[in-house]
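Each of the two complexes below includes chain A, the first together with chain B, the second together with chain C.
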Partner chain A sequence: MSGAVGREPVFPTRQSLGLMKAKLKGAEVGHSLLKRKSEALTKRFREITRRIDEAKQKMGRVMQIAAFSLAEVSYAVGGDIGYQIQESAKQARFRVRAKNENVSGVYLPQFESYTEEGVNDFGLTGLGKGGQQIQRCRETYARAVETLVELASLQTAFLILDEVIKVVNRRVNAMRMAESTNVYEASMLSFLEQRIPSNVCNLPYRIEQDLANTYQDINSELDELDREEFYRLKKVSNKKQRDNAAADAEILAARERAAEKAAQNGTPPVAESKEPEPETTDVLGEQEDNDVIF
Partner chain B sequence: MEGLFFNVNGGYVEGIVRGYRNSLLTGQNYSNLTQCESIDDVKLQLGPSYGDFLATLPPNPSTSALAGKMTDKLVSEFRYLIAQSTGSTAKFLEYLTYGYMIDNIALLITGTLHERDTRELLERCHPLGWFETLPVLCVATNIEELYNSVLIETPLAPYFKGSLSHQDLDELNIEIVRNTLYKNYLEDFFNFVNTHPDFAGSPTQDVMSEILQFEADRRSINITLNSFGTELSKQERRKLYPEFGKLYPEGSLMLSRAEDVEGVALAVSAVADYKAFFDAVGLSQGGSGMGGMGGGPADGKSLEDLFYQKEMDMSKLVFTRQFTPAVVYGWMKLKEQEIRNVTWISECIAQNQKERIGNFISVF
Partner chain C sequence: MAAAAASTYKDRQFLAVIGDEDSVTGLLLAGIGHVTDPPDAQRNFLVVDAKTENSEIERAFKSFTEERKDIAVVLINQHVAERIRHSVDTFTDPFPAVLEIPSKDHPYDPEKDSVLKRVRRLFGE
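On to the complex of A and B.
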């Protein structure tokens, strides 16, 4: 997890620092949200698995009973009524309604069965004999189909959830934190990286780590710039102080000389003698400074 | 008197049928069958009575294939009988096939109404209900044509006449058509055994009247019970009751007015047998009287089971009479019940539901 692995291609400016900070924050929130989503989905997934198990066992029993009630019908009627029933049925009595259920952002189709009460297409089948068995058989089969519909709804949800959980988990893993300080975790991750082919756990996808890297880099570069700036300013102010001190000394010296001359020659004009001298000293001083410093 | 000349024409047929009767499965056979672990075992157990017909079945056949082969045997034996019979016996045997014809025609009418290819329907027809003009029904493409040119030619034409017009075929539920035909058929059959000079005053009249009366009553009761909760009006329902039988006319009238199971029980209480059935399955029957509640009695027998039991007992008793073609009727009913029994047992074995495997009817 070294810092140099990946970073965003941005210039280290203060603006992009702010940008990166916001992005990193977003990535962290997104990561925790995704993780929570994945947990919620997994919980749901386990529940569905359990219910599928129950529904399948129930289906076994119900279908057996239903098949047996058909045997009862054939015993009572003494013949094949299948054709007549197929022909007389015009409208579906047992219907299925589909609706969507939202589980943490995933739409799961849910099938709901209901019977259309008005429809009774083979009510008179078996009028002569076996009518009661036929009615009972129909009810048993309606229950069996109900179980099948329930199972179908669960199985569909199972497939969809399975896919979604895989995607979400991959995203969560891709976004996992670069600063995972936990040594154990880090070692395990690197171990996993060795095992898992690179296209599954692809480096460019480690958004959070990259962002953190970029943030740190920009920060350190800006610090560097700051330090340089500070040093330069310090140097400049140092030099200015020295210059000022030198200029002050020159002026003092000039004044002294002027005072001496005045003392020797009476009183010469102070202003005249003073003006050219600082120019020459300034020029000289600068040249001297340059030479000395650099 | 009838014993003097019956054997001239009908002796051979009667002898054959009595032979067939001996090959019916007995209680011992059934208890062997219920011990079977697979359909193959069942097939093996059926070997002595069905051997050559089951030989072509693949290993572990479906129950419907098994039942199909057993029906084939019944059909071929019946065809032999009808080929051997003459005169009034032949006529009697023909009457036996009309019931199946009604089923076949109902099937074809259903197919025609839905504009199906009627050719494929022919394969589904019961072979006993086959008659020469049955394939002609396929020619008809609409229901009016079917009625005007085809149904008129069938042996069932008299049953259509007077009670059903071709408009009825369009509008009525096919079940009502079927039951109307069956009602007319039962009345005609009853009339035949009572008035035909060969049968009047003979044992045939005795046993067949009793059996047909029972059949008529059973249909009336079943239709009433099954019509609860459907759109069948009381007027229409009444038209489906055969106009003879122990319940006719008072019981039928009360049946037509019955609105629930209690009403039916009250209507049949005049006849001791039926009253006993209703008492056995429990009058209340869950109170609702809707179709699904019919068979929840304490001892595992439903009303229909009891009716079947009674029918089998009567069919068995037919064999105590001599010089009558009614034994053919008894044998056929017993054979059909046997096929149902074997189908039931093999269903139970195939679906591994042994706890109700004993729910069949064995009379021998």
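On to the complex of A and C.
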């Protein structure tokens, strides 16, 4: 009984019936909640992938413009400024900070760019000539980097969401597949689930199914016990009636015999009849029932 | 990775760049360049040219992604990423974010981007 497939190993009692009922309800609610969470995350995920695609395109354009403005600088300065720039870079002026965004209980970090005031490593760059071009180039590149940072946060969100969605989906499926002793079977089921629309082939929701099975089993078992008990009581009362009837008949017979004897002896029947009566009751022991409750 | 602990990205505030001279110069002009304090002064950028060894790029990429905990975004030129494609593809942590950017001489090819490749794969395109 307890080793049966698709059933929790519990005894059929009222208490475990109540427990199973609560568990079944919990499983149903949990399953639907997880499913909704997974759907919400997937929606967000799709949106993010779309935005990544867009941002990547935008990045291409922005970087092209930035590269062009750098070419302008080299032309204006009349030489290579790369080395000078690399050597004078000391403190980052352009920094990012991360803040959190909550999507259905998942924290997605978002980078936010800000400029550290009072840091200027390139104060003297382009002092001779091309200062204006360099200024413009810096602004262009700052805008480009902002786009890049935006893209970076989208990408991070993408990676985290990807991972979280996998975990949530695994849990949703686990609610159906748990207790399937065969891992291969479980993976086959989940594979089928993905391929086949649910209205075509309804695959079992393992945990819920198990709980429902247990609930029904316990219910029928309890009903059975009830019926058994009722039948037993009926039997007992039948037997009691039969015994009572037999006892009554015997008493009547005893009385008749006493009356007969009295008639034969000619003695008054009152004194005689009193004697055998307690004797018969003692022998049968049935009269006790009338006085003793237990 | 269900919820990235706050500590994994709280201190990350710099961007790092690996790329050709023009890209690095431009991004440094935007003000992302940073050199850590003297004892072991580390730059957060690497200029790659034809003479740079792949191992050096690899080392810089490792240092930016794994060793340093103050870098939020690693920008890498796509043609440079192509040279260490294996390392870039196998790095899948959310932090730091690795971003492939186009360079002046090499137009951007979305087909090679490690993240876009994943996007494509997910949607079965």
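As a convention for this text, the second predicted complex is superposed on the first by the 222 of 294 C-alpha atoms of A that agree within 3 Å, B and C clash if a C-alpha of one lies under 4 Å from a C-alpha of the other, contacts with A are read in each partner's own complex, and residues count from 1 in each chain.
By definition in this document, a residue touches a chain if its C-beta (ideal position, glycine included) is under 8 Å from a C-beta of that chain, and two chains touch if they have at least 3 such contacts.
Model, not experiment: these values are computed from the prediction.
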- Query: Which of the two partners, first being chain B and second being chain C, lies in contact with A:252: first, second, both, or neither?
  - Reply: neither
- Scan A:94 for contacts with chain B and chain C and give back first, second, both or neither. second
- Task: Look at the residues of chain A and decide whether chain B or chain C touches more of them.
- Result: C
- Task: Applying the touch criterion given at the start, work out whether A:164 contacts chain B, chain C, both or neither, answering first, second, both or neither.
- Result: second
- When the two structures are overlaid on chain A, which partner does A:33 contact: first (chain B), second (chain C), both, or neither? neither
- Task: Could you tell me if A:141 is touching chain B, chain C, both of them or neither one (first, second, both, neither)?
- Result: second
- Item | Partner chain in contact with A:233 - chain B first, chain C second, else both or neither | neither
- Identify the partner contact of A:75: answer first if only chain B is touched, second if only chain C is, both if each is, neither if none is. first
- Message: Contact-wise, after the overlay, does A:67 reach chain B, chain C, both or neither (first, second, both, neither)?
- Response: both
- Query: In the superposed view, which residues of chain A touch chain B and also chain C?
  - Reply: 64, 67, 71, 134
- Query: Taking the complex as given, what residues does chain A use to touch chain C?
  - Reply: 49, 52-53, 56, 59-60, 63-64, 66-67, 69-71, 81-82, 85-86, 89-98, 100, 106-107, 109, 111, 115, 119, 121-122, 134, 137-138, 141-142, 144-145, 148-149, 151-153, 155-156, 158-160, 162-164, 167
- Query: Touching chain A in the complex: which residues of chain B?
  - Reply: 63-64, 103, 106-107, 110-111, 113-114, 116, 121, 124, 126, 173-176, 178-179, 182, 218-219, 222-223, 225-227, 229-232, 240, 290-295, 302, 304, 336, 340, 343-344, 347-348, 351, 353
- Query: Of all residues in chain A, which touch chain B in the complex?
  - Reply: 64, 67-68, 71, 74-76, 78-80, 83-84, 87-88, 120, 123-136, 139
- Message: Give the list of chain C residues in touch with chain A in this complex.
- Response: 1-4, 6, 9-10, 12-15, 21-35, 43-45, 47, 72-73, 75, 92-95, 97-99, 101-104, 107-108, 110, 113, 115-116, 118-119, 122-123
